[in-house]
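The two complexes that follow have chain A in common; it is paired with chain B in the first and with chain C in the second.
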Partner chain A sequence: MADPGGAVGRPLPRSGARRLAFGRGKYSDDLRFPGLLHLAFVRSPYAHARILGIDPAPALAAVPGARVITGAEIATVCKPWQGTMDHLPTMVSPPQHAVAVDRAVWQGEPVAAAVAASRAKAEDAANEVAVAWEPLPAAAVRDRTLDEDAALVHPELGSNLCFSTALGTGDSEAALDGATHVVEGRFSFARHSGIPLEMRTVIADYDPGEGTLTVHGSHQSPWHQQDTLSRHLGIPEHLVRVVAPDIGGGFGIKLHIYGDEIAVSAVSKILGRPVKYVVDRMEAFVSDVHARDQAVAARLGVDGDGRIRGLSVDALTSLGAYGSLGRPPISEGMMTIMMAAGAYANAHYDARLRVAFQNKPPSGMYRAVGQPIACAVAEQLLDWAAGAAGIDPVELRRRNYWTDDDYPLRTPGGLAINRLSPRRCLDKLVGMMGYESLRAEQADLRKAGIHRGIGVATFLEMTSVGPAYYGPSGAHISTQDGATVRLEPSGAVRCVTSVIELGQGTHAALAQIVADRLGVAANDVGVVGGDTATTPYGGGAWASRGLTIGGEAVWRAAGGLRANILELAGSILQADRADLDLAGGAVCDRATGEPRIALSEIGRIGHFRHDTLPPGIQPELAVTRHYVPDAAPFALANGVQGSSLEVDVETGEIRLLDHWVVEDCGRIVNPLLVEEQIRGGVVQGIGGALFEECRYDEDGQMLNASFADYLVPMAAGLPDIHVGHVETPIEETALGTKGAGEAGTVGAPAAIMLAVNDALRPLGARVTSLPITPESILEAIAAARAG
Partner chain B sequence: MDEFADIELTVNGEKIAKRVEARQHLVDFLRIELGLTGSHLGCEHGVCGACTVKVDGSIVRGCLMLAIQADGADVWTIEGVSDSGEIEDLQEAFINRNALQCGYCTPGMLLTAAEMLEAGRKMTRAEIREFLSGNYCRCTGYHAIVDAVETTMESRFGG
Partner chain C sequence: MKAPRFAYIRPESLDEVLELLAEHGEEARILAGGQSLMPTLNMRLSRPRLLIDINRIEELKGISFEDGTVRIGALARHAEVMDSPVVAEHLPMIAEAMPHVAHVAIRNRGTFGGSIALADPAAELPACAVALGAEFVLASARGRRSVAARSFFNGLYETERGDDELLIETRIPAIEPGYRSSFMELARRHGDFALAGVCCHAKVDGNVLSDVRLAFFGSEDRPRFADAASAAAEGKAWSDDVKDAVKEALGGDLDPIGNFHASAATRLHLARVLTGRAIDRMVAAG
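Take a look at the complex of A and B:
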């Protein structure tokens, strides 16, 4: 679609990065508001406890002028919500108050708010609020929450079971019985979170005179916020405005509705003053949504040639105390069972999923939702099957991928797939890795007692999820995005988008799309977004949708403006618009490319010199379009990752040597941005594989809620990450893009786990719990030695 | 809790005299009292490096230093080093290499990288990674940041 030499496809640095690199970013906490009050929360020290009473007196004595507002008072202006889904009648989730009223159900649940003139004074006051507690038994051990004697998170439900389901096709039991080799494993994926470096922040300003609520916040989906604030605080929607300024990372964590954030607006409504709340890091660990936390038992059967005969998966996902409003808490588990081994031909599959509540922070969507689990389980089983059958693991993948003749198809997990390119990705990756020589080097070093491991994992990435999922759920979340593209009088172009920018660079890529549609340079296009009052309605930033959905809306809006410009030019030039084109910042002759009139002239005449136009000409130099991805339920990207590492079998330490990714996200608008999305995603996947875990004791107390104790990847010890591309544009859209934001995180844990187990193979040791720690490696080696 | 002290210091080359709360840390002072919001807070317990500022010639964790401890000090923030142009090449390298995404860690990362550059020599990628390990970045995976620092070293100290 791009003109030769156009902006689409080029690795252009993004203009929005400049002010951030010069310290001129404007994150929520950087904004200034006259008359601002600051809020701090009193949070439950218990995982489960009854609130017997809240006495604000000591706080008011300690901080004169402070206010203490309890959950019960907030509930007078804010209705509770329920994280249920219309299309899943058997899924339960009880009503959740913004701030707990009678009972706290996780350590860290807010129970009261203290408000004062500064954050420090608000914290002083919060520390003095006297809460009388009656501690209750907590359900806090993942694999025991469904036991008959488990404490109940919500006694009124009678069970901790939130949801269960099964899916599959064929007869996996018989197929596994008839398989030549059957491999199996029990896997565990720790609870962790997204840890954006900027913590959640909200400034709510309720104006009692106008009845308006203006909220600035670090949020990925301001429209969902607007809807929730309107409905639950009882403010007409046109009087609610949500603005997302610069956002310091989100990774899914910031797309949810949080009780503490909604409470800030409720407090502003009660007090009639602007109120700010910034989550601090210790609070973030016990209030941001958690993810993963899944146990999976799985079996795979292959025949003597290594061809898959059948697969069986049984998954247990442990949530926190609630699902999130509008965002199915079962997604982590559903994605696991739907996506497992989806790239491979297989006729016999069965999967079971159970999802259970625990007394822990609510669960939500974190980058790659469930897919890293699906990938790690299936790919590890395939590696073991290759070992059992005596076939090279890469060769075993080649034998099992769907072939091009199989498409379109529906996988046993239920995914409708029009086309994938795993074979081409694998071939490219194997070349980049120098796979054969790595294997030879591995064999040589093994003779010297050095344990190198190689992992090659195929992944699928579900992106740009459309209305087929969100519509029937009843969630007030749009899967559509919109854009307005406007020609300014100078000939520059402005694009107003519903796409939320939080560092991915999507806005810069949108400018490239506009540039090519209108024949201007990308840096002549300004892109703004992040304001529900002034931009087209949309969904926000989630499910790697920005370019595939928001980009298509921009493509259409810019196309509409293009047509209008050519029509106006036709009347100015007395030319047939069919003979005109746009290039080089001008309207030009389509046949010769000769410039006829500059866009700056079109802008000047179209905005200021209507007197010179023929009667009846109404210049329309702004066009709004929306796009809903209606042709497919989602855009499925795919790829392969490779890891090379070394395990010190004496200390259990892992040294990451190299990492490779080949991915196919359809047409690439800006390879510089895509590659850094991939690399950043890989490192978050490495975090999940080797470091990140919210550790809890049996009473539901988080044990490592600080950066000193919760490990995240640091620059040292990480490998360089080599990225290659295969481009298979999708046919459903003009742009042909698929998402790329989660690919790295989907495949990296699998590649790492496979490589570790490949290194340990001569010792007969296996690790199947993430994160893999030196301790777990030594335990696995000791267990293998003990037989 | 309401204890105050008078301090005088130089911030980005400008003399400042202020009465501050004894418990206020340096970055809260810079952000709240002086409006220098380029320095960020990512943990307030000295691990993540988002609050990195330069005090008397060395980078420090601005969240682990009280404002009153900066009495008499010479403090530089991202705003000051941006205005002076002293790290413009490094900033351009970050932008061109897309070595920042959300940008929240970037001011601290740049000041740390600038201190590395003050050593006046090229470093290996492993050395650069080691030096940067006190600064968390959740977006980039660090690879592009290492590239940008390496590029700047090459142009300053020869290929």
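Take a look at the complex of A and C:
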């Protein structure tokens, strides 16, 4: 365990933020390359169309010197890939070319690239490329994609069904029949995306002299990119280097292998020149992966005192035209059916999932994958059940959580759980909210015609997913991370990590871990990463895994260096290393704490004065270690969120008044980082609850592909977000951390939907589609009035 | 998202601007605050050959009050209008509307004249101008003319302004004694274009309303003066019955255009709710 007096656990300001605040961030677009060419894509204006021909002549006439490269030409240097999974033989996904070759399957799919000396010229050229199209019928309405007469996204598959499955335990039909109260709902979760501030960016530089490919880009998993580029462009892996400089947010969006990004490398290989491409905001809406897009019908039965008898869930997830390479597109739906009501004791559960293709941008993983849906569905049903049984919703939760004696357990949805702390989180949250007085105030205001609502939702957050999921899938994605920790001659420490920094501050937390292991101050530790050629191999940033996996690797590497330092110190001091310790930037006497020799002396001697060492001593002042979670399939975090809001029942406006989160992410390395992850996550959850939606017409045209119409939450409309912690370190690792990056997004939509429905309860109105809009509230009220 | 090529010129005098407009007409576009024009260029929704930057023209700047009329120069920035004591004293409706116009950064550059000339149907200022009986002064090489706000807006981004004309200022009668204004708007997020918005202006004596002027935005393809709803309140003591009558009459005035942010029916409903609330507040303000 970390020294409680050390850096771990302390709210240290992160050093990297200072650099960014000084305007010294270096994002991919800031980098300069001699001889650079710029690329712009010609994208399909149709959701589904055959490409009859591509004529570059008008573009070449308009922009002398430009090059137009078609999908077919790119295919000569880049093999297509397929988003299938070895462990899911029934899941289908057809081969995908980097750039469409003879058929475009979503509005926005790239069909050709124009390359010129500036971005403006490349866009001028791209605008003039003449493509002859034959529009085809598109599948673009979620609830109709599996109909008999639906247009087929991939005719060769014979159906739009990508995957279907069912799971469960017990006999939920019988259990629901026997329940005293049965509540049910049909829920809808809109298609949306992750909207990082910095756009996806790639600068690919193929050097025909050496045969090397160097890619700088804004990517969460450079190793996966390296592997894909090597295999699909046929370049030996040691000649491919992927560098991720500063990244302005990812949220999962930058985790995937994108055809347009791979095409930039292909074009660089064809031209032998560095080529740059930055997705612009309007393109991002039709090319970044989309997520959610799910319809769920669910039923819950409770007995007279509110105990769960059984639960039934039927989910339909709509993908885009493809899944993503190596990242199962069915995760959104699988997480929904696996995680629903996972914190509650229940013996009877059944779930069905169908996943279907549509003519829309490919689907991928966005912060919290499916879990906000699982949470919102189950928590809303529990609130309704509480209403039906006449029990306070908080009390109903308390009655239903697994008890401490139940652990370890496997939920009916199939989650292996070693330990959770929902009851402690709930008690703390209820205290922070002042739940009783909020309820009293709500009742008073209701008499004055003011509709306040309170929502309290319990969530689980699956983090740090390990090899049990990714290994058998055959994906070339590592669930391991690595670190090298090195003592510099001055006694300062450098850490080289495979953990990718996207703005979450993980590198600052790694410095705190190193600091504790080596008895130095956190600001004496430098952390670098983001380069596949020079850092240990790893997985990257996803599944809230940075500290749990990458942090453990750092803990181990720093531990190895600690042992080496003590060994060297022992030989310098002629002391038994077992009597030595590290603290205060020095090797000290373990028993008395008395400093014996400064780390700067160890560094100086270990690097420069080998002549003074006894023969046979080889100082080893850099240590590399890796860690892959081997004892559990994932680290399950949990918590509770609360929302208080007011609904104007005449206008449908929602005013968010306050938001609370109590979460348990195991050991906290830096509470400031955790709290900002939670707050940022809640804000994205608010986006999903109230604003964000990719709107499509029936022909698959996106109707709101700009920030004028795709709404995201803005600071002025946000409530205060109060964060409290419960700390239950996991036992599988030395550090005991779990992830915290997605918790806010998992629980916020549920808390808000519950609060809105609580506010509408006196009117008998219900909203079950996210995002909730003023119009949907007015419609729900009108429907309730009409009976 | 790079604009197509265009030529750019920044004249130093009004005459020069008018000559350029006479010469280039619809091939040219005036550049004021650029907050609406630049995005349309970058999205390649518009491809003018020439941008005429008017930011150096002194005559177009400033806000003043004379003979019962407030003059707002075309180049007065939203932020300047928002902070203007003249506007606060003589045009309380516009003072109330300004915080709803976009966001701080956009208000620092966006101009009053730009907002009028653009004629976005969901914009606040055109509707205020309609409610308050504003006049727009247009200049061209041919001379000057003045157009009443109520007959200036022709449709979505369409106005009476000719291709060779520059909007140079807006003249708005100052609020008279006994009169009150009230402005209300609903948007998905603060600073967004409106789902529904109402501008009310009337003489209020006790709770009796006269010279009632109701104008709406965020409803149709242009700001709409509501004749029937205004008439329904005219000379009446404000009461629940009158409120219902005004809301009812509004159905004859407005024919909202729905989109995915809100349907036509929702927009009409919201306009009705806002009208009731805005007049409640105006009457209560006494």
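Annotations
Here is the rule we use: the second predicted complex is superposed on the first by the 786 of 787 C-alpha atoms of A that agree within 3 Å, B and C clash if a C-alpha of one lies under 4 Å from a C-alpha of the other, contacts with A are read in each partner's own complex, and residues count from 1 in each chain.
The rule is short, and it goes like this: contacts are C-beta pairs under 8 Å (C-beta built on N, C-alpha and C of every residue); 3 or more make two chains touch, one makes a residue touch a chain.
Quantities reported herein were computed from a predicted structural model and do not represent experimental measurements.
Of the two partner chains, chain C is the only one that A:T773 touches; chain B does not reach it. In the superposition on chain A, A:D246 makes contact with chain B only, while chain C stays out of contact range. Counting residues of chain A touched by each partner, chain B versus chain C, the larger count belongs to B. Contacts of A:K79 after superposition on the shared chain: neither chain B nor chain C is touched.
In the superposed model, A:L703 makes contact with chain C only, not with chain B. Within the superposed three-chain model, A:A120 lies in touch with chain B and with chain C [touch as defined at top].
Once the two complexes are overlaid on the shared chain, A:A716 sits against chain B and chain C alike. In the superposition on chain A, A:D280 contacts both chain B and chain C.
Shared-chain residue A:R410: touches no atom of chain B or chain C.
Shared contact residues on chain A (touching chain B in one structure, chain C in the other): 120, 124, 280-281, 706, 708, 713-714, 716-717. On the side of chain B, the complex with chain A involves touching residues 1, 21, 23-24, 31, 35, 37-45, 47-48, 50, 77-79, 82, 91, 94-98, 100-107, 110, 125-126, 128-130, 132-133, 135-146.
Across the complex, chain C is touched by residues 119-120, 123-124, 127, 280-282, 650-651, 653, 691, 695, 703-704, 706, 708-709, 711, 713-714, 716-717, 773-775, 778 of chain A. Contacts from chain C toward chain A in the complex involve residues 1-5, 43-44, 186, 188-193, 195, 260-263, 266, 269-270, 273-274.
Residues of chain A that touch chain B in their complex: 13-14, 17-18, 20-27, 29-30, 32, 120, 124, 194-199, 246-249, 251, 280-281, 502-505, 672-673, 676, 679-684, 706-708, 712-718, 720-721, 744.
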